[in-house]
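Both of the next two complexes hold subunit A, though its partner changes from subunit B to subunit C.
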Partner chain A sequence: MRWILPLAVIVLLLVYPFVVNSFWLVQIGGRTLGFGTIVLSLVFLTAYTGMLSLAQMTVAGVAGYATAYFTAPTGGVGLLLPWPVALVLALALATLAGLLIGLVAVRTRGIYTLMITLAVAMAFYYLTLQNYDIFNGFTGFNNVEPPVILGLDLGANLPFYYMSVVLAASCYLGVRHVVRTPFGLALQGVRDEPDRLRALGFNVPLLRVLAFGLAGFIAGIGGILNVWLNASISPGSVALNPVIDVLMAGVLGGIGHPAGAYVGAFVFTIVDNFAIDFIARERFNTLIGLVFLAIVLFSPDGLTGLVRRAWTRGTGWARRDRGGAPKTDDIGK
Partner chain B sequence: MTKEEALVVEGLTRRFGALVAVDDVTLRVAPGERRAVLGANGAGKTTLFNMIAGDLPPSAGSIRLFGEDITGLSPQRRVLEGVRRTYQKSLVFGGMTVRDNLYVAVRGATGPRLAIWTRAEHQPDRHETDTLADRVGLTDRLDTLASELSHGEQRQLELGMALAHPPKLLLLDEPAAGLSTRERESLVAMLADLPRDLTLILIEHDLDIALKAVDYVSVMHNGRLLAEGTPAEISANQDIQDIYMGRHGK
Partner chain C sequence: MIETLADINWRLFAIVTLNGLTLASLYFIVASGFSLIFGLMRVVNMAHGSLYLLGAYVGFEVSEATGSWIVGILAAGLVVAAAGAALQVSILSWMQGQDLRQALATIGVSIVAADLMLAQWGGSAYQIALPDAVSTFVPVPVAGRYAMARLMLIGFALVIGIALWLILNRTRIGMLIRAGVDDRRMLEAMGVNVPLVFVGVFAIGAGLAGMAGVVGGSVLSVSPGEDARYLLSSLIVVIVGGMGSIPGAAIGALLVAMAETYGLAYTPTYGIVYTFAIMVAVLAVRPQGLLGRAA
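Entry: the complex of A and B
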């Protein structure tokens, strides 16, 4: 039974382009995968290391801005580099940004980590807004396109979708892998009992900083997908709203399991796109707020928690429900 | 040449502002010895442990492990030198299985700690968790989440984690806290079964357990070392009995 859900997801992802139009393919599918990968970086931090961050969109923005700076100079700002070099630089910078934010946040807990990462996020936002030498100020960068490899234009709808699938799946499976390695188990030790972990010989602050670095790398991949999808990046991409959207999507989907990142990103993207059809644009935040409230009230472990419980009841396959927010992974095991 | 001591604590002192929690304590523990540190609440026992394990820097004094000065080492380095400890309350990794809890302990003691390419179940040292589980009687609980264990089982797990990659010096902070009478008995048996080359120091409130499980006893009172002796001497000493039962002075 345990392979049914993963298999269904794989089939769905593969045939999806052939049953939907281009809007659903790129604006819903592509966005879910790119944005979802940024959310995944937050879920990884929260589910396996017990740390929250509001700076994941910022780290994604670092990768996005770097991609733009090195592949799509705008208004005389930027330095054109071959795309592989540009992408490696973008990911390296995102990882570095993650590590630096980790260094700043490592001594704080809970609400204080949120405040300090929010402060970093807002500082970066104002930096991009006011700096013209690197970030091109309010305008940002335009025409940021994915490369053409051997005649295959990765910017075309279908290749872009499949590239997003491959990258998002790699990140998802990568997280699932890492949390089962000695390093990943140690991170879960940081989450459960940091004092005990230290008494076992681990360097807890180092583990925390490295987790932020890895989360930065994942967010960087999402950030690159995002900048290609929008074909542009500007301070609005790293402003307060998108910064908070990451947390919202994470909680919607379920902050306890990596699959929750993509479920949350999907629901968020749907509401984001279609709310306008039956509600005034300026009421979007009211609607998403109400959806958020309903989820938090009825399923504190998000939509994946709902699915998990239905699945457990339906098949009796999983171990008994432990109740409360999930801390370990069950789905797809 | 004099016989090398497993642990020598000399003039160890810890002040918290005006409070002297541990005051000029000197201890010598022989290799393989089982030692109990007794004392009422606030006597400074846990603070002493915290300094030996490296969780708290001493205000003065020195700590030597098998002749080597470890006073300035980080807690992580002391683990590598063979010092392990448990805590007063159960500190297990609730979101992980018993096997993963034990495995983290194995990796902490030997490294590499940041291995990221191979999953735990394919690591060559994974089987060491079986030995540890066997030693503390948790073999049939290996795949249970630590948070689902009973309190007694969690204490067993803690002991198992502290035994990973055999320590030279094991510090047990009230291992019997919160255990039932039956669980206490099996704990005493488990302690008796530990390899004799392991040097063991335990803090205990339960005089029965402490006196049954150890060779030698140090009694602390208000941060100072008050008396030392064999369990028989200590139980015969009326002054100590009074202090320990809290009938003495303030």
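Entry: the complex of A and C
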């Protein structure tokens, strides 16, 4: 039974391009995978280390800005480099940004982590807005295109989609793997009993900072996919709204399980694109805000939690509540 | 030649300093409400910026309709205090003690509120008309002349600060609040209706944000996006000054506003970096904030 769902997801992902039009392929499929990877970095931090960071979109923005700066100089700002160097630099900078944010937030817990990472995120937004030397101010960067490798244009719809699938799947499986390694187990130990871990000789602050670094790397991959999808990046990409969007998608999907990241990103993207059709134009934020509020109030473990509970009830399996994934209200406890 | 240059710079410096003090006053009024709410209830109210913006819009409408700025600010204070109390009663009281879930819920509220306010008042900037008596310039040493309204704002912040201090330290209500901060359960056991105190404090904190909105909308301006700006400033002010401490909010507001104003005046493209550096420095040395108590 256990392999049915993963197999179905793999088949669905591979067949998807052949049953939908290009809008659904790129704007829904591609966006879900890129944005979902950024959400995944938040879910990883929250589910396995208990730290809720609002700076993941910021880290993704660092990678996006770096990609743009090194591959698509705009208005005299930027430095053209070969794309492999540019991408390595972008990921390195995102990881570094993750580590630095981790250093700032490492001594805080729960609600304080949330506040401080939000402050970091907003400070970065105002920096990109004010600064013209590196971030090209309000305009940002345009025409950020994926490279053409051996005649294969990664910017074309189908290659871009499959590249997104491969990268997102790697990140997802990477997270599933890391949390089973000694490092991942130590992180979960830090989440549950930091004092005991400390007594056992683990370096708790170092573990937390490293978790932020890994989350930064994952967010960086999502950020690069995102900047390619939009073909541009500007302060609006790292403003309060996108920063909160990551949190909303995570909470919608359920921040207890990595799969929740992509479920949340998918639902969020759908609502984002089609809100116009069923409520008044431009009232998307009211709708998504109310949905978010309803999830926080009634199902703290998100949509995946709802499904899981319906599933256990439906099949009557004896796997009811075997510890279970952490819920929103457990974080930081 | 050199002397005149030095002269001009001193004048600029004085004006920038006064601007910094004005901004600090505004930040203090907003952040003190935020800090008060956190101090008692451990609620990080992410909708605090929305309350500020709502106050500004209500103040604008009422002062336009009645022609009186004073009525406008009183109405804004009352309406926003009621909105804050409603937020506490309808949503937050159901998850008392789950601080992270409360923060998430207030984020949801702030998103909906920002969108509805955008629908109602549109994207353009408003300016709330000040009474004629204060829309003048007064002579000030070194700076030359300075807007009366801005000086009044500094005075307003001082009044608020002193009033809050007196209420917290010299009245029975203040005693209840301080007791609630120290030991909520014991206070409850002594027969005090703690949920009612919570609603009251939430209303006071929200009302402060609402009145700050009117003052800010008169001296500066009101537009969508201001909610995020004042939420951010409140966050940084209380992180620097210490969560739940009113004197801490004052010191934090001064540091943050001064850094921001000097930064913008002298190194325009890196202004925000100084604010941020202050926050990081404080976190590195005193994670609980300058005047905060260890959690």
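Worth a mention:
Criterion: the second predicted complex is superposed on the first by the 311 of 333 C-alpha atoms of A that agree within 3 Å, B and C clash if a C-alpha of one lies under 4 Å from a C-alpha of the other, contacts with A are read in each partner's own complex, and residues count from 1 in each chain.
Here is the rule we use: a residue touches a chain if its C-beta (ideal position, glycine included) is under 8 Å from a C-beta of that chain, and two chains touch if they have at least 3 such contacts.
Computed from a predicted model, the values in this text were never measured in an experiment.
Using the contact criterion defined above for the overlaid structures, shared-chain residue A:244 touches subunit C, although it does not reach subunit B.
In the superposed pair of complexes, A:189 makes contact with subunit B only, with no contact to subunit C. Partner contacting the larger number of subunit A residues, of subunit B and subunit C: C. By the touch criterion stated above, A:297 is placed in contact with subunit C alone, subunit B being left untouched.
Contacts of A:181 after superposition on the shared chain: subunit B is touched, whereas subunit C is not.
In the superposition on chain A, A:271 makes contact with neither subunit B nor subunit C.
Contacts of A:171 after superposition on the shared chain: neither subunit B nor subunit C is touched.
Contact with subunit B, but none with subunit C, is seen for A:199 once the two complexes are overlaid on the shared chain. Overlap of the subunit B and subunit C interfaces on subunit A comprises residues 328. The part of subunit C that touches subunit A in the complex is made up of residues 42, 44, 91, 94-95, 98-101, 103-105, 107-109, 111-112, 114-116, 119, 228, 232, 235-236, 239, 268-273, 275-276, 279-280, 283, 287. Those residues of subunit A whose C-beta lies close enough to touch subunit B in the complex are 177-178, 180-186, 188-189, 191-193, 195-203, 207, 210, 322, 327-328.
Residues of subunit B that touch subunit A in their complex: 53, 55, 75-76, 79-80, 84-87, 91-96, 100, 103-105, 107-109, 111-121, 123, 145, 147-148, 161, 164.
Per the touch definition, subunit A reaches subunit C in the complex via residues 52, 104, 107-108, 110-111, 114-116, 118-120, 122-123, 126-127, 130-133, 239-240, 244, 247-248, 251, 282-286, 288-290, 292-293, 296-297, 300, 328-329, 331-332.
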